[in-house]
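Letters A, B and C mark the chains in the order given here, with residues in each chain numbered from 1 onward.
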Amino acid sequence: MNHFPILSFTIFVPLLGALALTLLPNLNEKALKQVGLYLSLSTLLFVVLLLRQFDPTQSGYAITEKYAWIPSLKVNFSLGLDGISLLLIGLTALISPLCILTLPKTNTNSRLYILLFLILQSAALGVFLTLDFIPWFLFWELSLVPSYFLIKLWGGSNAAKAAYQFVIYTMGGSAFMLLAFAGIYFKTGTFNFVELTELAKSGGLTLSLASLGHTWTVIVFLGVFIGLAVKVPLYPFHTWLPLAYSEAPTGASIFMTAVMSKMGVYGFIRILWPLFPTLLHRASGFLVWLALAGVVLGAFAAIRQTDIKRMLGYSSINHLSYCLLALFSISSITPESAMGYAPITAAFAGLLLQLFNHGLSAAALFYCVGFIESQLSTRSITEIGGIRKVAPRLAGFSGVALFCSLGLPGLSGFIGEFLIFKGVWGIHPIISTIACLGLFATAYFLLTFWQNVFHGATTENVKSTLKDFTASDVLTLAPITLLMILLGILPSILIQLFNPLIQHWASSLVLP
Amino acid sequence: MNFNYTQLLLAFSPEITLIIGACLVLGADFITQKSVPLSQRVTQSILVGLITLVAAGYLSYTSNQALDIPGIITFDPLAYGSRLCIIILTTLVVCSLGATPGRTQPAEYISLLLLGTSGLIVMPAAQNIILGFLALELASLSLYILTGFDRTRSRSSEAGMKYFILGSTAAAFLLFGISLIYGATGSVDLNLIASHLNSHPLTPLTKISLIFIIVGFGFKTAAAPFHLWAPDVYEGAPATSAALISSVSKLAGFAFFTRLLSLGLAPLRGNLSFKDSSAGWLILLAVLTLASLLIGNLGALAQTNIRRLLAYSAIAHTSTLIIALMIFNTTGASLIIYYTLTYGCALIGIFTILGLLDPEYKSGLITDLAGLSKRSPLLAGLLGLYTLSLAGIPPLAGFFGKFFVFTFALKSQGLSSPLGILVLAGILFSAVALYYYLGILKQIFVKPSTQAPLTIKLNVATLAALILTALVIVVLGIAPQLIVN
Amino acid sequence: MNALPCTIYLSFTGALLTLLIGKRSALGARIVALATALLGLEITLSAALSYIPNPHGLTTLVNTPWISQLGIHYYLAVDGISLTLLILTGLATTAGILFSWNIEERVGEFFALYLVLIGGVYGVFMSADVFLFFVFYEIAIVPKYFLVAIWGSKNKEYGAMKLVLYSFVGSSLVLAGLIWTYAASGASSFGLPDLIQASSHLTHIQHIEIFGLIFFGFATLAGLFPLHTWAPTGHVAAPTAASMLLAGVVMKLGAYGCLRVALPLFPQAIDFWQPIIACLAVLGIIYAGLIALIQEDFKYVIGYSSVSHMGFVILGLISCNLKSLSGAVLQMFSHGIIAGLLFAVVGRMVYERTHTRNLNELKTMGLGKRLPFVACVFVIAGLASMGMPAFSGFPAELTILIGTWKVSAVWATAAAVGILISAAFTLRAIQLAFFSEAKSVTSANTHAFAPITLPEKLGSILLIGTTLIIGLKPDLLFNLINPALQSPYFENIIKGVTS
């Protein structure tokens, strides 16, 4: 335990700052934006501090905190940091300030906008750092509230339906997750992820749940599964996503794709897999196909979109399904298949890298698209063309993000996808081959998008109204873009954070 | 029969006082009627009446079982309590007499009332059937006349006539039943009857006599299906007469029949259970209870005239009293006395207020009460109190009366017996009853007023009577142990 | 601690005072009423803070013989559960009076009836003699009628009559059961400890029959499906403060009766009735939720949501283990506060200004912009109602779910579905009433509304603060509730005595 509760500070500074903002007297727009930005950047500061203290080779959680919260239910507010969480809170730290900077310029309630994003940031940080179900669930649900309002109040024409669908879908999943954990608590007496993981390793969890009967154990598993699957999203729980991403304001879309979807995958890694290795193993044969469907069908659906944001939405489904593909493939391994640890570590590493890198590239892409939309009031591929001539800087940044998303070697997106394919090929060659279809489809739609929108004949609206990136826009996107390039050349910067963890995990993988 | 006249005098002193008082009232009025205005005559008659009643009350209060004359009159708890309560209730009625203006023959009214009371107080105490019957008739005759007293309204005369005819018929039934009992047992002394019947099982003769007696009982206490006189009489009679009939007459009637059935005809009781019932008056009473419950409550639901509603509610309340009668041998008299006393107070209060509101009896609809809470908060509050007591809302006395009866009934037989079913029905029907009582309250408190604010002249006596009745209901509600023992 | 019975007497005295003062000064009546409520709240809070659980069960406050022939005592006693609900009453009363500050018609009578109702409710929560319990319960019935019939809105007389008659029938069933118990078991008094001891002399069949009578009698007041139909009509017809109290506190009287009287007296009956009652409770949760989803009247949504939430309480009660019971009590508290808040928004803050409760009409008014404070309060109330963590509903529903798993995973799953449905209808209501799309706002509705008054703000903050505090630190109440449930009083239920 650290004597300085750095983890709690990380989570709560944005939240408390947001509360302070509501109570402060009228600040003008500029001051408001500045204060919001600094509060958001505080996370980055904490991440840097944590990096200095973090020792990747230490097994388990490097930094932990624990406070009693509801003793009568044995609920503790326990936090813990390991390589995976560090990766993800680093991502959050980078993305959140970006979102705050997407504040619409005119006619808007800036205070509320910034407030909502700060709450969202705290919620995401809370999800990535807590190790006890009740606070985890609190932050999980908390993230819904600001997203709902962001979509509803700043969204597009169909925002009401999008917001409603988004919340109901996610809450539906959460209700079952709550039910499942109530059952787990009833049988084991604890909500703590670490304790439950220990219990699962020793086979005690299945034993406790066994008294419920086989059906109910499966239902508990499904409950947790559904709650997480909706968030990622896993095919076929993804139907809420295209509408939500396209109707949401830019900042919200960025955060949803870059951070909130990662919350779902994180849930799989932190909760579902450690607690139910056997059941997951049994289901993974089927689940791999679902992930594959997400990869392939997501990409093909993206091809057919004319609305850029919907296209990017489907692209998100595609990219995140890669992560799940890797995960399910790993869990489908049986001890008989003597393939060594190489595929496992490759797939796992790829998964984590993909999480981080997709976050960056998707965020940048949405930012650019949002930029275009706010000026041209359209998102349709058919109506926009030849941006490169009019706004070269915009085209440049979009290009980097786009090719990163595509997986061009040299940019950060490549290494993640490559490792995933390498790993999955070692486990399920057929699946890996089919997944390549997704690669081709992605290349197709992204390049078409690139060609039509940025090259090609300049359309009227582009010629007359589109202004290029200003200095502030460049400054905003520069860090992320630089990271994309840097991590493309030197991915080891990230890999070293979690490599020992993966090795350890692979070797101790609970194989039935 | 060995008694001497001193004994008789002492035993019947309250009755004698009342009769003398009746004559005094008439005499006083005769002397002063030419020289004194009407209002003063009214006050004078009331005063004399009150003095008489107070004297009679005192004499009743100081009587005890030492004055018993076996075979004629007794002063056991049932009799003692009933007599005292009858006199109290009658006093309250007399106090509120002054409220009704334009009474043209006050002295006659009061004297008839006093004479009737003298009959009423003999009824609970009589050990001799003939004596009891005579007292019953004396009381009834007075009540018939008091009902038809208001000659300005045809309703009153009609009610009086109806009451007289039906009452006489019922009395005839009762008399026939009594004579059959005499034929079967050879005695008119209740104790001797009881011991004689003890050794002889139920014969066809006694069975028939039971039926006749029950008919008389049903009529007197307004139990269904002998209740048909009640709505018309309650509606037609002048307010104070109605108050008398509903309170005092009921109490006396129940006391009389309790003694007759539970003490005199005790061996004919029979048994009431699902497995081994045997013929007797218990079964007949059970039928009466159920019928009264149904007809009383369901009939009241349909009423728009408040007095008729009160009549049907009286029928419904009778059912509870009959249950109390059925368990008399285990509980003693206190239940019946408590219930009828508090019930009587409520009804006296209600009728007084109704008389104040509508002295000429123009329409008598429930909706006439609309907005009373604005027109006269005091009367509205009192009326509300009485209605709630009738509905059986704690902590008022009406609730406790019902509660005691039901509890002791269940204690004696349990819920899965016919008596238990009756109790359950009684409890459930009180929810039905709440509906129409709330209807009254709704008019008083919720509905806006359609008439101008009232200027009611409440004289002291009436006010005192109303407050007293309210106090009785509240105090006995909070501390029922004062009577129940 | 010993000042607790004063809450009853204070309420009745306060009622009399407001009646008298109200004739001359409306403001005076309001102040007296508020003072009474605050005093009551202060007494209950300080009692809770200084409370030391009695390991044997109830802590006696007053015990004097009343009608000794029947063994009836004026017997007041509390434990942690009573204290929780007493605090709820104090809070709900204060908030209710704050939200009724603007009533102009017959002010004195309104607050007098209100305080009589409160006095009765305080009495019920403190009674340890079932007869006294019943007396206070009945005392609370009549003011209900007048509060709704005189100051109510749509359909007020019908709603009032239905409400009162259902309550009365419920209480009649209870009375029948109680008298029967007393008579058949040969108990020496009507006091709860004596009756519990004596009830073991009854036969198994009697346990089942009487439990059915008493439980369903109480459950009518608690809004168990299908005896719940009075609730939406009655609550909608009632004026705001009355709805807050009726849905918030009075419905809990029924649930409290089930917990305090029905369950401990007849533990043998639980095995028989559990599946039936659990089924009805779950049906209520889901059915009421679905109905709320299609309502057009804003207040009806809240009314049906109350029935749905009470279904949770009953499910928790009938599951009869430590977890579910404590969850049920917490849910009673939590829902009391939240329902109060919801009705306050709908009735006082929205309806008084817009004069409509029709969601389709409210859609055209753009209330999110014109009444930001109200929108904010309703969003918070809605989140709390949905069971969002950080608000008091979450630990309550979670604990009930945990407890229900023990009995039947099916019920638990159905209850979870209920949570989802409640999210859906709450969100729909929020969306239609406050955040409808800009295009549906008609230009005719742009004039300014009356500003939010100070009493409304205070009331809202009081209630929101409570639900937030308990949501973040539910142990404040669990530490009262759990020791009470672990006392010998509830032993037989939790152990599951079956023979």
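Following the convention adopted for this analysis, contacts are C-beta pairs under 8 Å (C-beta built on N, C-alpha and C of every residue); 3 or more make two chains touch, one makes a residue touch a chain.
Computed from a predicted structure; not experimentally measured.
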Looking at Cα centroids only, farthest away from chain A lies chain B
Judged by C-alpha centres, the chain sitting nearest the middle of the protein is C
Distance between the CA centroids of chain B and chain C (whole Å) is 43
Taking each chain's centre as the mean of its CA atoms, chain A sits from chain B at a distance in Å of 85
The chain C residues in contact with chain A across the complex are 323, 326, 383, 386, 388-390, 394-395, 398-399, 401-406, 409, 412-413, 415-417, 419-420, 423-424, 427-428, 431, 435-437, 473-475, 478-479, 482
Listed in rising order, chain A residues that touch chain C in their complex are 69-73, 134, 137-138, 141-142, 145, 152-153, 159-160, 164, 167-168, 171-172, 175-176, 178-179, 182-183, 185-187, 212, 216, 219, 223
Contacts from chain C onto chain B in the complex sit at residues 66-70, 134-135, 138-139, 141-142, 145-146, 149-150, 157, 161, 164-165, 168-169, 172-173, 175-176, 179-180, 182-184, 209
Residue set of chain B touching chain C in the complex reads 388, 393-395, 399, 403-404, 406-407, 410-411, 414-415, 420, 423-424, 427-428, 430-431, 434-435, 438, 441-442, 445-446, 480-481, 484-485
